[in-house]
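What follows are several structures.
Next come two complexes built around chain A: one with chain B, the other with chain C.
So, the complex of A and B:
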């Protein structure tokens, strides 16, 4: 009975959606409105205006820098909220490790340890070359965060946590918003606008984009790993 | 209409994915499964918007020497990158709230939680 009701509801939701999809411009056409207005300008003049060969990076950090500024604030706020919601939980890894019911696999442990430096190098590469090739701060940060998580699962949490020392971890968590604040202030000095970039692919623009990418990458990796560790803490 | 829908097959698939997510949110009893449904719905929207930017025969919008137009629309990709990060943030917060519910009530089944009231 309940299942039938749900299916009827889904059918009611599906019909207007499918009708709208049928009325959309054809998939993959170059004449659709989404492609002919602002996207055209970004593609034609993006490199000289935004200073990044990867137009997606140019859009994220330069044209729509405010948007990304809000975004890094959102992810930092999420990290703070997770830590606040689970306040009072404690890391009891040390006692639990002895009595862990999950059998450790030597192969997995060895392979993770073997691959760890290469994954870290790849994360760094993705961050640093985000302007000229596919990649960027978020992507590289996620790769490094995933490395921390896989090390926590396969090797040990203490070893993974040693990569982000507790003393400087709050600064790493807020690295994204801080880098935006720094670059935004530099923009005020250089152009008179918050997050304003000098026109063209100058050295200053490159440096500002690099600082943003790096801040986003460090902040993203730390936030993801911190959330994962916090969720794993015991009451 | 079916013919046009067949041309816009990628969009129709994202509708299907959206419905699967909606089904999980409505019909599943476990809170984690409900949020997995929400994540599936988010993914369907992401897939739809990224598909909007596709241009047939287009290449990635990276202006290295030798790159030739047409290029794929960079705006949907940039917007969805933002969207994915927000989705991760909401998922993390939701999971931490579920952990809290588990600690307080000892269950994360929606009907059992309703009985506890």
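So, the complex of A and C:
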């Protein structure tokens, strides 16, 4: 009796859901609301509205700025968590000396030294030109973080760490959320909304996007390198 | 198309075919070679000779323009980094005790194994 009741109830609940499923556009079809409303608007008016010639940048930083704000906060929180969990190691100096007893490859060391400035320049280029071409803060920051890791492995950790001085490193680690906070506050002043951008490609919009890209880039690179170094401490 | 243009076009085509051939052979080696060292050897041939000659072919195709400098810069980057990566991989494998494959084709181990 009870089982029959459950089946009947399930059927009653399932029927409208299945009917709704049947009425939905096919998976991946061009008639889906996601493609006919938001995406169309992004593509047709994104450049003039969001103020970035690269529509992807406009979507990430302007239309969906809150989402990205959350993302950079997650990245920073991950870094904070790793550092908090692995905070116990005090004997860093001994371990570093032990690690340096492994013979280094002269070839790798030389090539990394030779290419490091070019890689750094490329990272900067990717960050700064994310507004007009593929790229942006996340990508450029990752390139720079990878450079720091390669330098740590192939040249020396001290030399890599010198690029992110300990005194200001916490500020660099939190650069992503901080830049969003700054730009969000600027949005409050300019438009009355947190993370509100002025309409169109004005100088203010460009500056705000640039600050965000730079903050994301610096924060991302620092977080990647910090996590790598902290994990190395434990080894 | 002038004769010079035809020759240039043909030279570029030959260079790119050579590049494609080395990519094919290198990939084949990556899949079919017996151990880590020889596979690394095969894989790095793709980047140096394969990409190198394809980029060279693009330079020839482009002629005397500023773009050629960019292509040459990419080629220099590839020629520098790919062998370094191969070297680092093989060195790390050797130093951590991975022994090279020393079997004979006909079966059985060679003397120094």
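Here is the rule we use: the second predicted complex is superposed on the first by the 187 of 235 C-alpha atoms of A that agree within 3 Å, B and C clash if a C-alpha of one lies under 4 Å from a C-alpha of the other, contacts with A are read in each partner's own complex, and residues count from 1 in each chain.
Here is the rule we go by: a contact is a pair of C-beta atoms (placed from the backbone, for glycine too) under 8 Å apart; a residue touches a chain by one contact, two chains touch by 3 or more.
All values reported here derive from a predicted model rather than from experimental measurement.
> Pick one for A:134: touches chain B only (first), chain C only (second), both, or neither.
first
> Once the shared chain is lined up, is A:108 touching chain B (first), chain C (second), both, or neither of them?
Once the two structures are laid over each other on A, A:108 reaches chain C alone.
> So, A:8: does it touch chain B (first), chain C (second), both, or neither?
Neither: A:8 stays clear of chain B and chain C.
> Using the superposition on chain A as set up above, list the residues of chain A that contact both chain B and chain C.
Comparing the two interfaces on chain A, one with chain B and one with chain C, no residues are shared.
> Using the touch rule from the top, collect the residues of chain A that touch chain C in their complex.
By the definition above, chain A touches chain C via 103, 105, 107-108, 111-112, 114-115, 118, 154.
> Show which residues of chain B lie in contact with chain A when the two form their complex.
Touch residues, chain B against chain A: 1, 4-5, 7-12, 15, 18-19, 22-23, 26-27, 51-56, 58, 60-64, 69-71, 73-78, 81-82, 84-86, 88-90, 92-93, 95-97, 99-100, 103.
> Can you list the chain C residues touching chain A in their complex?
Residues 77, 80-81, 84, 87-88, 91, 95.
> In the complex of these two chains, what residues of chain A are touching chain B?
2-3, 6, 9-10, 13-14, 17-19, 21-24, 26-30, 32, 34-35, 38-39, 42-43, 46-47, 53-56, 58-60, 64, 67-68, 71, 74-75, 77-79, 81-82, 85-86, 132-134, 136, 138, 220, 224, 227, 230-231, 235
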